[in-house]
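Labels run A, B, C and D following the written order; every chain starts at residue 1.
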Amino acid sequence: MPDSYTELYFPVLVQALLAMALAGGLLTVSYLLGKKVRNRVKDMPYESGITPTGDARSRFSVKFYLVGMLFILFDIEAIFLYPWVVVYRELKMFAFVEMLVFVILILSGFFYIWKKGALDWASNENTSRRH
Amino acid sequence: MNLLTVVLALPLASFLIALLLPRSSPQASRMWALVSSVATFAASLGLLAWFDRGFAGEQFLLDVPWVTSPNIHFAISANGISLWLVILSTLLTPLCVLISWNSIQARVKEFFAFLLLLEFGLVGVFIAQDLFLFFVFWEFSLVPMYFLIGIWGHERRIYAAVKFFLYTMAGSMLMLTAIIYLYNRTGTFSYPAILDMLLSGQLRLAPVEQMLLFLAFFVAFAIKVPLFPLHTWLPDAHVEAPTAGSVMLASVMLKMGCYGILHFCLPLFPAASRTCAPWIVVLAIIGIIYGALVAMVQPNMKKLVAYSSVSHLGFVVLGIFTFTQMGLDGAVYQMLNHGISTGALFIGVGLLYDRRHSLEIKDYGGVATAAPWLSTMFMITMLASIGLPVLNNFVGEFLVLQGTAVANYTWTVYASIGVILSACYMLWMYQRVFFGELGPEVRSHMPDMKLREWAAVVPLIVMMFWMGVYSQSFLPPVGKVNARVLGQTQVNVPFRVELAPVKRAEVARAR
Amino acid sequence: MPVSSFASSLDMARFLPELILTIAGTLLMVLDPVIHKRSSSLFGHLSILALLAGIGGALYGYAHRGPAFGGLLMVDGFATFFTVLVMVVGILTVLPSYKFLQREDAETSEFHALLLFSVAGQCIMASANELIVIFIGLEISSIASYVMAGYLRDDKRANEAALKYFLLGSFATAFFLYGVALIYGATGTINLSAVRAVILGPNAPAPVFIGVAAAIMFVGLAFKVSAAPFQIWAPDVYQGAPTPVSAFLSAGPKAAAFAVFLRIFMTAFEPIAGGWVPLVWICALLSMTVGNFAALLQTNVKRMLAYSSIAHAGYVLVALTAQSEVGTAAAMFYLAGYAFMNVGAFAVVSHLSGRGEKYQDIESFKGLAQKQPLTAAMLTIFLLSLIGVPLTGGFFGKFYIFKAALESHLVWLTVLGLLNSAVAAYYYLRILVMMYMHEPGEAVRDIEPLTPSLGLALILPAIGTLFLGIFPGWVLDFAGKSSNLLK
Amino acid sequence: MAEVPVSWFLTLSAVLFVLGVSGFLFRRNIITVFMSIELMLNAVNLTFITFAYQLKQVNGHLFAFFVMVVAAAEATVGLAIILTVFKNRSTLNIDDVNSMKN
């Protein structure tokens, strides 16, 4: 197999150049053709064509972002379960212990954010932490 | 552990103890500095007693491995030249303590601690036989001097201190490159071992290689000497430094450069030294005349003495690069003379400054009436510096000029101009400061010498006479080492400066 | 690889420092809500304890050295050297942070937990022998340190520092990772020894592919070590981050990134050295010159130290350019010396700068020697070492590096580098001038007395600096012995 | 199914990567810059998976998992940092976040 690498790779080099040319080209084209308008209306948040109401900044509580981010994090951790499942039968006890350690680590993180009040939706300034 | 180690270790130990003294009692710091530096001086006199004057080689050898890879040794020894330079350093340190007794009032503890640390660095430079160790001391001695100038100096002290540091640092970086290069070629930092390899032909340096290495070393040394046109840091440093700093700088630190040229450049790179000699000699002669001319127009006494140093050290370099026995002897003798007489000159200027708080010549006049003893002391010092017979500089300058005459008569003529000029500027300065009308300012501020001040000056005056009258106490060991160095410079040399045998005999008689 | 070889007790022994730090970090994190104390020195004590235990673990691992987890990690002298180094940096960061966190009224537990995680990541980087493991170590270290850079949430400068550090750090990581992907495609493996074997083997891929991959990884790593021309983030980050964090960033992650740099380029990419040496040569010279000359113009001490840290990265790159075992050993020694002197210098800045890091200007050092002679003396040692004055670690480091460079016939780089270090003397001297040659200014009048932990934070690095300067043999011998990386 | 040549994937990932780099270098909005970094990481993932497919190895897929997880962690921290910056300065233009030069 390795003998074919060289052949396989020649295109890669070409591709690298192509990629740069393409990316550069796209940016240049948008730079050249695109109208550069910068006014108040343009800078307004996009709300499906309707004139936005209120101040876009105070829309969501910071909690929203916080929970959103934590969700991404814990959600993605679950990704490791997939390969684990595939080899679980093969590795038996070892795999079990490994996953146990992993889950404990995740849970300690969970415990931390929980105790810190990050999951506390309803809380307001006085119960949540100072920052 | 031999006596030389003791002489080296004493200042360091004294420095560490000085750090522990209470800040609240400056008198304790002063006393400690005096006692310990006198003890070091006594130890270095012991060195003199045990020194074998008949032997040209290195004595008091000590060689202890320091770092295994690369192979760095703590190797020290003394020869007929470095011995005198060590004694010069240890002699001047207590004198500096004495003259700083009252004139340093701020941060007394630190001042004397740095002075002792400086002594450690200076002694180390003169006795290190391992190139790396030499470099360590060379760089290390910068630090205390930097602080001495920068903390206790006059108005523009910071500028002067930084300039001093950077000039020397730039030069020594080149030297470090050369040292590492030599190590990579030879596998050792040991100076004697490298010399042996060169002499036995085990190590051969290509001409270009030798020239570059020579220049790397030489520039570092030339900055320190200082050789024209690398001298510009010197007037600044001298003018701004406190008296003790000026004394140590002029008397000992500048000798580091001269000693380096003599001890390292010549034997290691004989061919390159000889090739460059004419150029260097020209620079030295320019330095002699230029220094003297600039000194003449200085309104500031310290600056005047500083430029006179440039001039005097030109003689040293000139003597070294004649490649003659008396040229080299004269150069070394001139190094010592300059240490004594310029040290005394700076002390004299310092004494005036302590009284009148000015370095400007125009602020003085008629001092001789107010303080006759001070004037007498200054007179003797000045005459020594001019090169009056019976006083020390005469012998050195005479030997240098003799050596130069053997090598190239034209050089002698030009160099002699410097001697004449030195008489002019010194006498003129003396006249303006000590004679003339006695102003009320000077009268009210000019008490005569105190006992402590006498103690600082008398040893130097005694040395001036001794070295001027009986040079045989000092010259034979120097001559032996120089003969060896000259022998080493004959190796691999494509051409040599011819020595007329008749003249040599004459000179020997004259000496 | 055979499953049975996984996680033997030997593997665990070799993984001990990382394990200890991770457990300790998690423990701190979990303890925090339980203890409910915003500020407590307990967490600091715990993290010092953990780091000491980690050092013990590293030494234990060294006694049982060898590959771990089927070659993912390689615990050898090189790894142990850097592992211990980053943990020492960790301790030296914790010591001044007691006072700092109290002064700025910031939380302690999270700071120390992040620090421990970051150090754990650096330990992984030090011993990783596989590109993905390197990547994971790099990210553990980086992500924690992004947060640390912005630890003072309400401080605008700290925010900005964190943002810049994060953006450029992730950018660099992505670059590095793309290089890893290309190496994986070209050789079919990402184990460093295996990559080397493939490159040297009969079926080697065309050097240009490896070269492209190596160049991309080089860019990523050059960002991480803040080598010019990829240094743009460093001044802003070091200036804006809380001072103990700046100290940590300039020593710990940098040392670990250099460990990775050396290991990758001296093992896997050693066969194509002809390709990357000129690149490193240019980078080294640029870093030294840009760093030193830009530092000359700075008036903010932290920013000046940032530029100086760029210059010092240049010196280490000189060692890499030498491309020899001597050079590797020199780089190791230098990084150790640099860690001490730089962390020490930053600790003094942290002490002086006062609440809200008000006093960062070089003028604020005025008269420090009169008010606190010990602090000034310690800073003097660090600065002299940064200049490269003999009898300090910095001098020997520089000496070894340029010696290695000359051995590899890099005469010009050596001469230019040494002249550079003469230029550098100027800006370090400015601080000395301020401390010793001026009357006390506002900052010094406001300065608080040294606390025991701060005193320790100054004295320990000073001892380290002097020790490396007076008895360099011990460390250097170890570095020399370990510089023979497994090929 | 007609096989799509491996080189197409590689080209795509290279283009994505370079677009990410260009976005990082030329975009002024912090969020866009941040997204450019994510784009670069995903380009890398694509490369890994392509190579794994080509080499018939499982490793490459696993690497992609690791990269994803790490990228998520990085994204979380990054967003948090961007939020604090926004809170303190009320701007997301990267040129405005520049208070430190001398």
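Definition applied: a contact is a pair of C-beta atoms (placed from the backbone, for glycine too) under 8 Å apart; a residue touches a chain by one contact, two chains touch by 3 or more.
Computed from a predicted model, the values in this text were never measured in an experiment.
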* Asked: Relative to the centroid of every protein C-alpha atom displayed, which chain's own C-alpha centroid is closest?
  -> C
* Selected pair, greater C-beta contact count between A-C and C-D -> C-D
* Asked: When the centre of a chain is set as the mean of its C-alpha atoms, what distance in Å lies between chain A and chain B?
  -> 71
* When the centre of a chain is set as the mean of its C-alpha atoms, what distance in Å lies between chain C and chain D? -> 26
* CA centre of chain B versus CA centre of chain D: separation in Å? -> 66
* **Between chain A and chain C, centroid-to-centroid distance (C-alpha), Å** => 29
* Contacts with 2+ other chains: residues of chain D -> 10, 17, 54-55, 73, 80
* For chain C, which residues are shared contacts with two or more other chains? -> 153-154, 182, 185, 188
* To do: Going through chain A residue by residue, note those that touch at least 2 other chains and give them in order.
  => 1, 12, 16
* Which chain pairs touch, all of them -> A-C, A-D, B-C, C-D
* Along chain A, where are the residues that touch chain D in the complex? -> 1, 8, 11-12, 15-16, 18-20, 22-24, 26-27, 57, 62, 65, 69-70, 72-73, 75-77, 79-80, 82-83
* Asked: Which residues, counting only chain A, touch chain C once they are in their complex?
  -> 1-3, 5-6, 9, 12-13, 16, 90-91, 94, 98, 105, 108-109, 111-112, 115-116, 131
* Asked: How about chain C: which of its residues touch chain D in the complex?
  -> 132, 135-136, 139, 142-143, 146-147, 150, 153-154, 156-157, 159-160, 162-164, 166-167, 170-171, 173-175, 177-178, 180-182, 184-185, 188, 190, 235-236, 239-240, 297-300, 303
* Structure fact -> chain C partner, complex, touching residues on chain D are 10, 17, 20, 24, 30, 33-34, 37, 40-41, 43-44, 47-48, 50-51, 54-55, 57, 59-60, 63, 66-67, 70, 73-74, 77-78, 80-82, 84-85, 88-89, 97-102
* Could you pull out which chain B residues touch chain C in their complex? => 23, 66-70, 107, 135-137, 139-140, 142-143, 146-147, 150-151, 157-158, 161-162, 165-166, 169-170, 173-174, 176-177, 180-181, 183-184
